[in-house]
Amino acid sequence: MESVIQDQIHTFRESRKNRGRLLINCPDQPGIVATVSKFLFDNGANIIESSQYSTNPEGGNFFMRIEFECPDILSKKEVLRTQFQTVAEKFSMDWKLTFVYDLKRTAIFVSKELHCLRELLWEWQNGDLLTEIALVVSNHEDSKAIVEALGIPFYYIPASKENRAQVEAKQLELLKEFDIDLIILARYMQILTPSFVEAHPFKIINIHHSFLPAFIGARPYDRAYQRGVKIIGATSHYVTNDLDEGPIIEQDVLRVDHREQIEDLKKSGRSIERSVLARAVKWHLEDRVIVHENKTIVF
Amino acid sequence: MESVIQDQIHTFRESRKNRGRLLINCPDQPGIVATVSKFLFDNGANIIESSQYSTNPEGGNFFMRIEFECPDILSKKEVLRTQFQTVAEKFSMDWKLTFVYDLKRTAIFVSKELHCLRELLWEWQNGDLLTEIALVVSNHEDSKAIVEALGIPFYYIPASKENRAQVEAKQLELLKEFDIDLIILARYMQILTPSFVEAHPFKIINIHHSFLPAFIGARPYDRAYQRGVKIIGATSHYVTNDLDEGPIIEQDVLRVDHREQIEDLKKSGRSIERSVLARAVKWHLEDRVIVHENKTIVF
Amino acid sequence: MESVIQDQIHTFRESRKNRGRLLINCPDQPGIVATVSKFLFDNGANIIESSQYSTNPEGGNFFMRIEFECPDILSKKEVLRTQFQTVAEKFSMDWKLTFVYDLKRTAIFVSKELHCLRELLWEWQNGDLLTEIALVVSNHEDSKAIVEALGIPFYYIPASKENRAQVEAKQLELLKEFDIDLIILARYMQILTPSFVEAHPFKIINIHHSFLPAFIGARPYDRAYQRGVKIIGATSHYVTNDLDEGPIIEQDVLRVDHREQIEDLKKSGRSIERSVLARAVKWHLEDRVIVHENKTIVF
Amino acid sequence: MESVIQDQIHTFRESRKNRGRLLINCPDQPGIVATVSKFLFDNGANIIESSQYSTNPEGGNFFMRIEFECPDILSKKEVLRTQFQTVAEKFSMDWKLTFVYDLKRTAIFVSKELHCLRELLWEWQNGDLLTEIALVVSNHEDSKAIVEALGIPFYYIPASKENRAQVEAKQLELLKEFDIDLIILARYMQILTPSFVEAHPFKIINIHHSFLPAFIGARPYDRAYQRGVKIIGATSHYVTNDLDEGPIIEQDVLRVDHREQIEDLKKSGRSIERSVLARAVKWHLEDRVIVHENKTIVF
């Protein structure tokens, strides 16, 4: 289980080795910001970036993301977590404390359409996706060469309706072996079983090639063409067991006109699919996304 | 039945009084452009703007719009139509010959939300909507003052589910009396009966406050909020008897984020609703829209 | 000096009468957020919305905007200001404490092009611009009727190169008489003298009809046409004594093509000019804009 | 001088081997369309796509692009050209007749920033850039591996201010040897000499990393940051001997905010640079661009 970390990522994580992120989701009430910021100050932390949002100041939900610098943070992980637990209990917080140095480990699932995979690999090579891409899984061999050229393990697992159970068993084994934090469906085109999805709550990001909730399901460009829309779109969302109904992380659109046939829509759409997925993955890796009531807050 | 034509429109139509437009829809075959352009040349016409589109050069449909100048065109209307009929028959054309001087007569239907009406009136006052606004019909009195201030007849016809038949009878009478070519539903919020719609094929333009086909039907902003979309939209389309399923003329979108509540979406959405409807109406008035298989070609 | 406040604005300010806003600009250092949030908590305030930004966590500048609810805030204005002064001094803050109930008083300067004025008045009637429009000043009479119809005082002051001193003297007198907080140049088309501008630092918002810094100065659409740009723009900025070089608050753009002549660009551009100016004014009125080194932070 | 043509391109050109394109630029007068379309009809050609534009119907310029199918066109090239010359002379036309089967031969010049090169290669591999990429020239070796992996000749020519004459002599030799039709400066970052540029009129396409005419010249992102713009852009244009002043083919923009430092602007900007350049190159290859008075008509 070799480690594939690009030079630029390595340099970046070293330069951020004292950087932590705190994500909070709790009932709103006075004093949260004062208490949390005092906690950080008392621990010698300096706030770099802070965002917050309340659904409704009276009786609503409160969400917060703080990125901070704290000397020797890597040696104080457990201390900080233990101490913050007290604060968290007082305000009934769902919370998460992460460390920029600890790269999330990613698995990319792909099929025959490679534009989204290519975009992810490219951004990653440029140091713009701070993750360890641990492996790529595909039901086709088209991407094998470009993946292995980067030193990333590639697993070819042919998939069909008949062998879905075996395929997923093999995939789950790999995800466990490689200790994966995030699964990216980069135009994987296979529907995952409910048990697979339930095992990875808000850990699977998909790109759907339409402006959801328009054209849920198969062949969205064909249907966009039939409907005669003047704008096409792409949507990146967390996968839940309601097909294409999971929390939306990012969307984008592109103007088209009557001259574009289905094949043209597919070509044009590739450019927004790849950028929308890349942005969604990036925000997830930077702990910018909080899910609440099947919607996302993106800080 | 007085006539309300703004100064700027009057000046414009005078400056275009030799201007005609030819719209063609026929099976594709070689020779169409050569024949049509020869017809125009032989009649002393100079082509100002020409657009064409073929769904498929072999056995598909051919669409064309030509705007041209022809000396004394207003005295030759019937001659041109008669002559062109021969050309049209040879190529099995659906066709239309219109004259810029003959302003289309418009009825605007509105309810309590006035932003779309205001935009249309404003564009019209600026000389950017070349039409005669013959009357405004509303089931509320909110717009009476601003309509009558412009010298446009205003008809208040209270509407409910119970009196729909009477309301439409009164409306149809007015449309006939005022010799209306185009009905604009500027957030009218009432569903028209099948017989009313069938009496005006591709003569009714609606603005729907979503990015169709997402959020067909009632309360689209509420549903957009519930779904957590990152982009909202507006769609202008011809009304058919399939609710919100008529041919789309124009759409536009706007980025939103998690902080925007339903009321914020409604406010933001108003700016795209009004511009999308205004563009769709303008294109219709300029004879730029051809309907084909529930889609539009916009030249 | 009568007061013109629309019903909707009145209702809104009543519903927000305990709402305050704190804007801070100071050298960055640990403890700012902790101290400010403790100050608010100790005064019984609940944070509704908070944004912050550091140019550089080590030795850079720190900017913050907090909107909060505080019981009986209107009776505690001076107490809060006095108390916060102590906090501010500790961190060498530039700061401002404002109260939503205290509407800013606005003067709109306009010339013959009325689309921006119309947009502002419309947004204001809808309750979307929370300000008291105290007067409109123009060097032409075109807008007199629509302004006075809303009960807003209109002052016609003919302007020419020769009488600039007298014109500005009269304008300054009016601004003083009406106790104006913000001057909006809604396509005013006259250049203000250095002394006039200096008397109103970051209190004058202009709309320039280009994508600055492209096409600084006169006739930007003509020059955009000559240059053959594929996208036109509009820019709203604070006025300084460097022509069109003041801090940019908002910009937007619109795609155009080779068919559009100068007049078409002007028409198309109106839609972005009006929305860009309206957004910039709205953000200023909501105390969302902080100027730093000739740039704006917009929270 | 081996030939590198991808499979997909080969398939496409075979399927279009009877396809021609006619580009016309002449003084406007009645009868042009009729004459040209009759010429095509008489030669058995079927018009697939046709676009035209007049700067001004009375005494202006007329531009036209027609794409057509004509049986056995490859054996009739010279006949068609000779025959059309007669038509062209009658109307004083500048004209060009091209054949889709005859791929244009391209040279890409690149420096150390590879994102634009990568995009071009990718589009080309997908069959979306119908050209023969004959060689890549660079003053750095960074791109050698990815270029040669595709079987494309790579020439490393170190460049400095001192050796410009020798560098260009070598480049010109290669352009001649490889019989190049189009030079793409994919972030080449070197200024070409006047004689080099003059030798290739409207045959050199550059990508400039700003929204021209804003930030002409060096370091546009630094200057965009200093100016505090809210939107950044990229511009693709033909190279002339006025730096960054050549005819603009395509532009696009991206919204940014105060949090983005110069490095962030550079990263964000890469996505629009690459797509803008790819679109401009594609349109040039499809003979969609006509230059007129330092502007482009893009059909």
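Just so it is clear, A, B, C and D label the chains in written order, and each chain counts residues from 1 on its own.
Operating definition for what follows: a contact is a pair of C-beta atoms (placed from the backbone, for glycine too) under 8 Å apart; a residue touches a chain by one contact, two chains touch by 3 or more.
Keep in mind that what you see is a predicted model, and the values were worked out from it rather than measured.
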Relative to chain B, the most remote chain by C-alpha centroid is chain A
Homomeric contact chain A-chain C: same or different residue positions, threshold half | same
Separation of the C-alpha centres, chain B versus chain C, in whole Å, is 37
For chain D, write out the residues touching at least two other chains, lowest number first.
-> 53
Spell out the part of chain A that touches chain C in their complex, as residue ranges.
-> 28-31, 33-34, 37-38, 40-41, 44-54, 57, 69
Residues of chain B touching chain C in the complex | 115, 118, 122, 126, 128, 267, 271, 275
Within the complex, chain D is touched by chain C residues 53, 211-215, 227-231, 233, 247-253, 257-259, 294-298
